Every structure is written in structure tokens, then in C-alpha cells.
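Each chain carries a letter (A, B, C and D) given by its place in the written order, and its residues are counted from 1.
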Amino acid sequence: MSNTDTHSHGGNYINCEKGLWSWLTTIDHKRIALMYFIVIMAFFLIGGLFAVLLRLELLTPEPLFMTGDAYNRVMTLHGSIMVFMVIIPGVPALLGNFALPLMIGAKDVAFPKLNLASWYCLVIGAAIAVMSLFWGGVDTGWTFYTPYSGKSADAVTFVVLGAFVMGFSSILTGVNFIVTIHKLRAPGLTMMRLPLFIWSLYATAIIQVIATPVLGITLLLLVFERTFGIGIFDPVLGGDPVLFQHFFWFYSHPAVYIMIIPAMGIISEVIATFSQKTIFGYKAIAYSSLAISAISFLVWGHHMFVSGQSGFAGKVFSILTMLVGVPTAIKLFNWVATMYKGRVKLDTPMLYAINFLSLFTIGGVTGLFLAAFAVDVHLHDTYFVVAHFHYTMLGGALMGFFAGLFYWFPKMTGRYYNEFLGRVSAIMTFVGFNLTFIPQFIMGSQGMPRRYHTYDGVFAPYHMASTFGSWIVAAGFILAIYIMVRGMFKGKICTEKNPWGSTTLEWTTDTPPIHENFTEIPTVTGRPYEYR
Amino acid sequence: MRFLGDILQMLFGFSLPEQAAENVHLVDDLYNVIMLLSIVGFIGLMAVMTYFIIRYHRSVNNKSAYIPHNLTAELIWTIIPTIIFVGIAIWGIIAFNKMETVPSNAYKINVTGKQWMWEFTYKRDNLEVNVADVMYVPVNVPVVLEMTATDVLHSFYVPSFRIKRDTVPGMKTRVNFTATKKGDFKIFCTEFCGTAHSKMRGIVRVVSQERFDQWLNREVKEANISDPVELGLRVYSRNCATCHSTGTNTIIGPGLQGLWGSERAFENADKLVADAEYIRESIISPNTKIVKGYPAKMNSFAGLLTEKEIDHIIEFIKTLK
Amino acid sequence: MAGHHIVPLKTNIITLLSLVVLTAVTVLTAKFIHLGDWGNLLLAMFIACCKATIVFGWFMHLKYEGLMNRTIALCGGAFLFLFILFAYLDIFFR
Amino acid sequence: MSTASYDKKTQAAHHFDSLEQQHEASKQGVWLFMATEIMMFGGLFVGYFIYRFMYHDMYIAGGDSLNWKLGALNTLVLLLSSFTMAQAVTETMKGENKKALKLIYITVACAFAFMVVKYFEYTAKIHHGMFPGFDLWKPDMAYIAEHLRSGFSIDNVDPANLRLFFVLYFVMTGLHGLHIIIGIGLMFWIIKRLKNDEFSPKYYTAVEGVGLYWHIVDIIWIFLFPLMYLI
């Protein structure tokens, strides 16, 4: 039934074609995933370097080695690189691209050329954004709030244009995934038999398609304001800076769910496999992914409780924000319930999954403080918020991302990574992360504001502890990436189709998969997690 | 609720700043309740998870059960979190409403946030007094702040009063509090506003009513003194002090000591002797002549300073030998 | 398959005429009937929505399409409406 | 007429099972892309509604100073082009590539007509100093007062806020014009392929995709016209 294709010949997808040109013009989703790996890991290291520089600078209340402007630029670059170039493309583009067609029994994504185009969008957009460094960097914070971003002499236009182009990478990936999930499922694979990682990619794709265009038009208006001098958000002409915040957060809050829902999908897969037990409440987890992506469009106002938004709007947003917390709580309970009466094994992916469970639970409950109106008035724009979103983004999205990377590593590269060092890196990141961000919660509740280059002496001990923690978490992640890169080239060869004993489709084909994924398309008979 | 705060403080050091205004206990009580619920929830979930990992580890248990779902359990952990979360939201809204209602006899002070300093304007029988960085406030008197900004977004935040509101250029925002404790309380700017965002701090000085009236009378009297150098000092302290020192050291801009009559070298113009015309021009449009080695960071003060005030500054700079 | 429904010329002409008529209606109501600023705005938007649904239905074959494409078109409109609603929520009560 | 460069497409790409599945997939992909177009222009419409609520008199003054007759003409031109595009899709589905080619030519002609009318409108506005960008903003208040409808007075029209109306006017209609130009490019692509006689009743995905895009651009103008010119 699968018609033979002219240019697929022996060997797996990595060595079936040689030469850089064959990689740069590939339309094979697995190769595009590896190309995303290189780009995303490079930017993760650069962003992480900026984070360590920031923490080093904040070791003492007085400036250490940066001026005010330099600190603002490093702070903005850390934010922009991590958000636009690492976490938003991270799980969906890298692991989604690799695993989606394999898990639904398809030969490739629906629009392979579009898939390659979204990789180029990310690379070109990132190049444009990085060009801003040559014109003095950007010092507006990754949120580009007007009127400061309209007036700042820095090269804001470059980063904004870069983010605009990278937005297309996100939109095209979203379109690709929705059509693939709808049209290319293997025979017998109904929607309710889809693995939960596919459900999470589907929910994420909906957000990517609906929310990213609004960011596109917002950034375009900001570029017009800076280049043509039309002052749409400029208060001198009566423009309303709070309107920019509405536009920006209408995208950026669903964007934080683009970051976390795919990671949740990976956690469902990893916990089911490493507990060797059927996932608990399959329907509940699948529908809560959709519920989160639906409600996420109605909650953006909780970023603007104190920004001049009307009190009434704040109250409505406060209640809706609490509602978006409920599906997340349901997922957490279902994951822990999956471990009940299972056969739990603590390999590296499972350790990262447990990192996710613990850190993301803290991230979730601290969200309650910020969603309660009166408490947010006190805690808004303090280090409490910084710690909250690092717990959800780094503790949640990135831990899920690394769990997925280690989980699919044998299938992607056909080699094993060093298991012992993997576990060490999981523990190091957990310890270092908590040492970095628990003190920030305490500082934040005492009123230490965000984005401060010099601060009040009373907060010095907390900053010091946080800086020490940042060294440990940086070492942990560098070790994790080192293990993966070394494993790719020197790891023990893995030809076993199903090293972890999982029941989803991607483990039925050989390691690493051939160009067309399956020699013949499997037919699915039961639900995805049938661990009898 | 008070004992709850003390227990938590003892346990986790999550001490909130001191309670120096009315209605602050509302925020602290809700904060402590959420903290308690979070700690109980988190430790509970982690304990159950750890128990499952140890009890059902692969080395101990070799047969995993087939439990696809359990309706009662799922209903419980859907309904209970919804009730708790929405309950917290409603409590937060009620607390906000109470903090938000402005009593009718509130004393009005105008706050203006400008790039990297706070300015407060008091009205006393149709006379306006501008004060920088330190805001005097009578104790146990409800105060309402009507705030705006002149250039970019700032945010007026006093942790001890648990109040915070952005100051938006072109828009009036208000926040109100009733100070209950005397003393100095820190003001922070919490909306990113550029180079010296972290230096934009001030103090709320809560004093007794008599002490406040005495201070205000002195300020009003000072407001209409005639000596230009004295006035020049006042204008300098309110607008220029953050970036230019009266000595020779650089804060962000060049120091002003010995400026009058000295020769100035520029990045984009040829040298000239500093005179009244040069000082006036560098206040109105600073970027036409940028002193060598300094960034073009200064905003124009056109429209912010009257001609008279610029004259006073020039007189004041003349005295800086 | 539902996708291959051929829309006859007659239907296309009727659709075009109805759109032209509705354009005339919207011009006339806006120019000569004054219902106050909110009235005019809502009326104009209502007529524009009718025209949009006509174009969606007949010109873009949504009437003959499966459920999925209709939900996509509906989602686009619904999320935009929610965005406008919540933005107004802030501006009204400021 | 050069013979078709390759035989009529009867075989789907390697990862699709059938041509039918590929057609449905690409149509769904185009529909998702249309949702992104709706959301992108939606952002501008939200900006328009908010500023209209905040500066109502300025929007009435700005709207009245536009020439609504040209707007109405443009609307009719676009509706006609929508009709010819829809009919072209029908003809391709019936295999009548010749007729479809003629209809697409008419659509391209309408698109050019639309851009020409737009050019005259823009030059008239810039002539009256109403372009909000660079330093061309020298609003000719007399011209605006003269066109202002009864019941509204010119003195509560603040030129600074009026500039906001023209910012949105030029951004929205400019971006819409850009989409028309992209549409013209797409249609030339379809014309080239029609000339190659590539389409057949079994394979006409590209024509339908460009048709959907063109109808969405028409719908955006259907909303833009009353908001800007009439109310």
C-alpha cells in the first residue's frame, strides 16, 4: 500500500543520505528534529550563560562588573533567547517533530516542505535578533513594554523583527501538527487511542495557530512605531500603553501554555512507561490538555492587575485564572495515581519526570498567590514572580524537555547515553534549581522588585544563596547536554526496538527508524497504554 | 490569623514586610492561608508519590495492576481544587475591594514618576509645593495618591503598605492607604523604566499630624523664596541630582563643579566655553552637543522646566566653583 | 467525499447579488439612519457579519464541507470575539 | 500551448495514501492559515474598537474626511473579484481550464483596479497632510471641518488623537493592500499552472487554496469598509 519513493535507499534516516546539502534540504521530519536539536541546544547554552552572568552580577548589592545598561541588555537577552528561541520551539518542534509521525504510524508530517520552512524561519529570525548585539543590544526586557520600547535608543527593532519571523516558525509547526494528527493516523488509531503526547501536541498546536498571529501584529505595530514614527502606543498622541500590554499578553499567556503542555505530554508518556502501568484517567488527561488550551485565552489580564487595568476586569481575570489551574491539578493527581501499584524504575527520564512533578507543583501553587487579586498587588513584579515563572518554565517545561530527550534518545540516535551521569545531572539540576529559586520566593514576598541591577542591602544573603544555586543548576544542565552530545557519537550502540518496554507505536519500528518510519503501516487495535 | 503568620514565619521565614498600614492584615491573612494550603498540598502529594515509588519499585513489585481510571477519585480531585481555588479568588477580590475603597476625607497627594525619580505635589490653599524622593504623610489619616508619569511606565510600590500601582503617562491612576505606624518606609519603582530603574527609590516618611503641618508650612514658605541660587538648588535637587553631581565625579552625566566658564570638548561639535546659552541648550535639547565620553542618555526637559527655572539653574551652576 | 461539491454558476451569481445588496444596505443605513454611535456600530457589524457568513458559506464551500473546517473557521471568529469582549471589559470600567 | 510539463497529477506525494487525502489535508492547512489571518487582522480591529471608544469624536471626523464613494467602489470591485474567483474554482473542478483562465484574468484585473483606487485615495490623504508617519503630519483641519457631519463640532477634535485614527487607517488598509498584492502574485502562479494545463477535476487543490485566501482578503475588506468609511 505504501508506494515506494525514489530516493529512499538502505540504512537509517541518519546515514541514508550524506553531505551537508542533504541535511539542509531534507524534508524528513526526523532529520529536521535533529537540526532543531543543534539550534535549540546552542541557544539554551547562550541563554544559560547570560543567566549565570546575571546571577554573578547580583551577588552583591553594588554593581560588580556591569553598568546599568549592560545589566538591562543581558537581562533582556536572557529573557528573549530563553522564551523565543528555546522553550517555545523546544518541545513541539524538536521532540514533536521526531515523535509525532512515529507515534501515529505516519510516514511524515502532512506538509514536509512547510516543516523545513519553519526550521529556516527559526534560524533566520534568531539571526536577525542576534544582529541587535552589533547595534548596542536591547534593554527593554523581553516584554518590550511601550512607551520605553518605543523610545529606547537601542536596537529594539532587530529583536522585535526577529521575534516576528520566529513567530511564523511556531504558526507553521502548529498548522502542520493539526493536519497531520487529523489526516495521517494509522488505520484503527481513533482519536481516543492517541498517545497523550499527541493530545498535548494537538492542544499546543491550537494555541500556536490562534495566538501567535496576535503577537505578529503587535510586534509589527511596534516596528512601525519605531521606524515610521507613527505613535499608535505613544501617550503623546493619546495612544494607550496599557493597550500594548493587552495585545502582548493575549499572546504571551497562551505562549506559556505552548511551553508547558507539550512537557506535560512527555511526562504522561515517561511516567506510564517507567511505571510499566496504564496511565490513570486517560480521558481526564486528554481533555484537560484541551481545557487548558481553551481557558488559556481568557486569563491574560492577571499580568495587568496593577497596570491601570480596570478593577472589574481584574476580578474577572482573577476567577478565570483560578479555573485554568484546575485541569493542571487534575493532571498532577493522575500522574501520581499512575505510579500506584506500578513497577516504578528510576532511570534518567523518570528522574527528570519526578523533578517535573515536584518543581511544577511548587510552580503551580505559587501561581495561586499571584492569581489572588489582593496578594498580587503586593507580589506583582517582585522576585516572587521571577521564582514562580522559573519554577513553571525551567522546573516544568525544561525538566519535561530533558525527560523527553533522554526518553527518546536511543530511538533518535541509535545509541545509549551514560545512565549514571544522567541520574547525577537530574539530581544536580534539582538541588541547584531549588537553591537558586527558594530564596527568591522569600525575597519577593519581602518586596524585592524585579529587574533591579542594584538592590537594598537587606536582600543580600538571599541573592548570595541564589547565585551559588545558579552555579550548581548550570553545571547540572551542562553535564546533561555533555552526556547527550557524547552519547550521540560514542554511546553504546542500541539496536533494540523497545529499550524501555513501552507500548506506543514509535517503539515498534527499528532503531533508528528508516526514512519512511515503518516498513509497513501498523494497524492499531487497542488503547495506547495496555500494560497488562 | 495572627498566630498563623507567626508559625509560618518561625517555620519558613516567609515573613512579609512589617504591617504599617490599615487593611494590610487582609493581604497577610490571605497570603498565609494560601501558603498553608500550598505547603499541605505539596508535602501531601510528594509524600504519596515517594511512598508509591518506594512501595512499588520494580525491584519490589513485579506485577503492575491494570487500573485505567476511578471515577470517584477523579471527581474528588476535580471538585475540591475547584472549590478551594475559586474560594481563594473570591477572598482575594473581597480583600481588594476593601483596600480599594477610598474614604471621603482622604488627603490627596499627586505623585509623578519621571525617569529615575519620584516627585510629590502637595496642595495647600491654592499653593502647590513640589517635593522630590521623600513623601511626608500624616499618621492615621487616609491618603489617596493620584499618580501619573511624564515619560515612560513606572510603578509606585510601598511593600510595607502592600500597595502598588503603575504610573502611566497620559493616564491618572490612584492608590490609597492609611499609615498606622510612624517611620520611614521604602518606595520602589517596579515597572522597568530604563538605565537607572533600580535607583528610582524613595521614602514615605510617616509623621504625626502636627509635625506634618509644620513641615508643610516650611515647604510652602520655601516655595516662594526669591533668591535665585536657592531656587536653582531646589530645581537642581528635583531634576538633575540623579545624574549630575555637584562635584566632579560622574553619576551618569558629567559633574557640574567648575562647569561655568570652563572649556568643553564634544563628541559631535567643536569645543566652546560653557556659558548661559550652552547650559540652556543642553537642557532643552541635550543631544545636539554631547560631552566627549558620555552616552546620549539625557532626556530633553523642554516643557518640563519653565524659563524661570532654567535661569535659576544657571545661577546655581555659577556658584559651583 | 464531501469536498468535491461543484457550486453551480447560478448559486455564485445569487451570492454575488446578495452581497452587493447588503453592501448597499450598509451604506444607506450608515449614511441616513442615525441610531447613536453604539447603534450604528453594532448595525454595521451585524451586516458585515452576515456578508462574511455568506462568503464563508457559498464562495468558500463551507456549506458543503465537513465539520472540521467549519470548527476552524468558527474558532477564528470566536477567539477574536472573546479578545474584543475582554478588551472592552477593561476599557469600559476603567 | 506547451504540452503539460508533466502528466496531470494523479499520484499523491509519498507520505499520503491517496490524492483525495492530500487534497483534504492541504485544504485543512489553508483553512488553519485563514484562521491565523483572521486573528492577525483581528488584533488591528481590537485596536480600532478600543481607540474608537476612547476618542469617538476624532473617529467620526477622521471617517468623514475619507471619500466613502471610492470605498464603496472598492467594495464592489472586490465582491466582483470574489465572484469570478469562486466561479474559476467551479470551472477548474469541471475541467474547463480555458474558462477558469479567463476568470482568473478578470480577478487579477479587479485586484489591480482596487490598488489603483487605493493609490488615488492615499495620494489625496497625503496631499491633505494626513499621513501620520515621518513628519508629513500637517492635518488640514479646514478640510476635515468641512466634511464633518452635522451634530459634531470641529473644536473638540484634538489633532493629536486624530492622528491615531489615521495611524490605524493607514496600517489596516496598507496591510490589507499588501495582502491584495500577495494575492495577485498567487494568482499569477495559478495562471502559469493553468496555462500548463496541470489542473484536472481530480487535482485542483492549488486553485481552491488561492480561492480561499482571496475570499478571506475580501471578508477583511467587508469589515474594513463600514468601520473606516461609513460609521
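Everything below uses one rule, namely that a contact is a pair of C-beta atoms (placed from the backbone, for glycine too) under 8 Å apart; a residue touches a chain by one contact, two chains touch by 3 or more.
All values reported here derive from a predicted model rather than from experimental measurement.
> If you tally contacting C-beta pairs, which comes out ahead, A-B or C-D? Let me know.
A-B
> Using mean CA coordinates as chain centres, what's the gap between chain C and chain D in Å?
Inter-chain centre distance comes to 15 Å.
> Indicate the whole-number Å distance between the mean C-alpha point of chain A and the mean C-alpha point of chain B.
Inter-chain centre distance comes to 32 Å.
> Measuring centre to centre with CA averages, how many angstrom lie between chain B and chain D?
That pair's centroid distance is 47 Å.
> What is the distance in Å between the mean C-alpha positions of chain A and chain C?
Each chain's C-alpha centroid was found; their separation is 36 Å.
> Return the residues of chain D touching two or more other chains; collapse runs of consecutive numbers into ranges.
Those would be 24, 28, 32, 35, 39, 42-43, 46, 50, 54.
> Which residues does chain C have that touch at least 2 chains other than itself?
68, 75-76, 79, 83, 87, 91-92
> Provide the full list of chain pairs in touch.
A-B, A-C, A-D, C-D
> How about chain D: which of its residues touch chain C in the complex?
Residues 20, 23-24, 27-28, 31-32, 34-35, 38-39, 42-43, 45-46, 49-50, 52-54, 56, 60, 68, 72, 75-76, 79-80, 82-83, 85-87, 89-90, 93-94, 151, 208, 211-212, 215, 218-219, 222-223, 225-227, 230-231.
> Using the touch definition from the top, list the residues of chain C that touch chain A in their complex.
Contacts found on chain C: 68, 75-76, 79, 82-83, 86-87, 89-94.
> Which residues of chain C touch chain D in their complex?
Per the stated touch rule, the residues are 1, 3-4, 6-9, 12-13, 15-16, 19-20, 23, 26-27, 30-31, 34, 37, 40-41, 44-45, 47-48, 51-52, 55-56, 58-61, 68-69, 72-73, 75-77, 79-80, 83-84, 87-88, 91-92.
> Taking the touch rule as given, give the residues of chain A at its contact with chain D in the complex, in rising order.
Per the stated touch rule, the residues are 1-3, 5, 106-112, 114, 171, 174-176, 178-179, 182-184, 209-214, 216-218, 220-221, 224, 228-232, 236-240, 243, 246-247, 250, 516.
> For the complex, which residues does chain A have touching chain C?
My answer: residues 182, 206, 210, 214, 242-243, 246, 250, 297-298, 300-301, 304, 308-313, 316-317.
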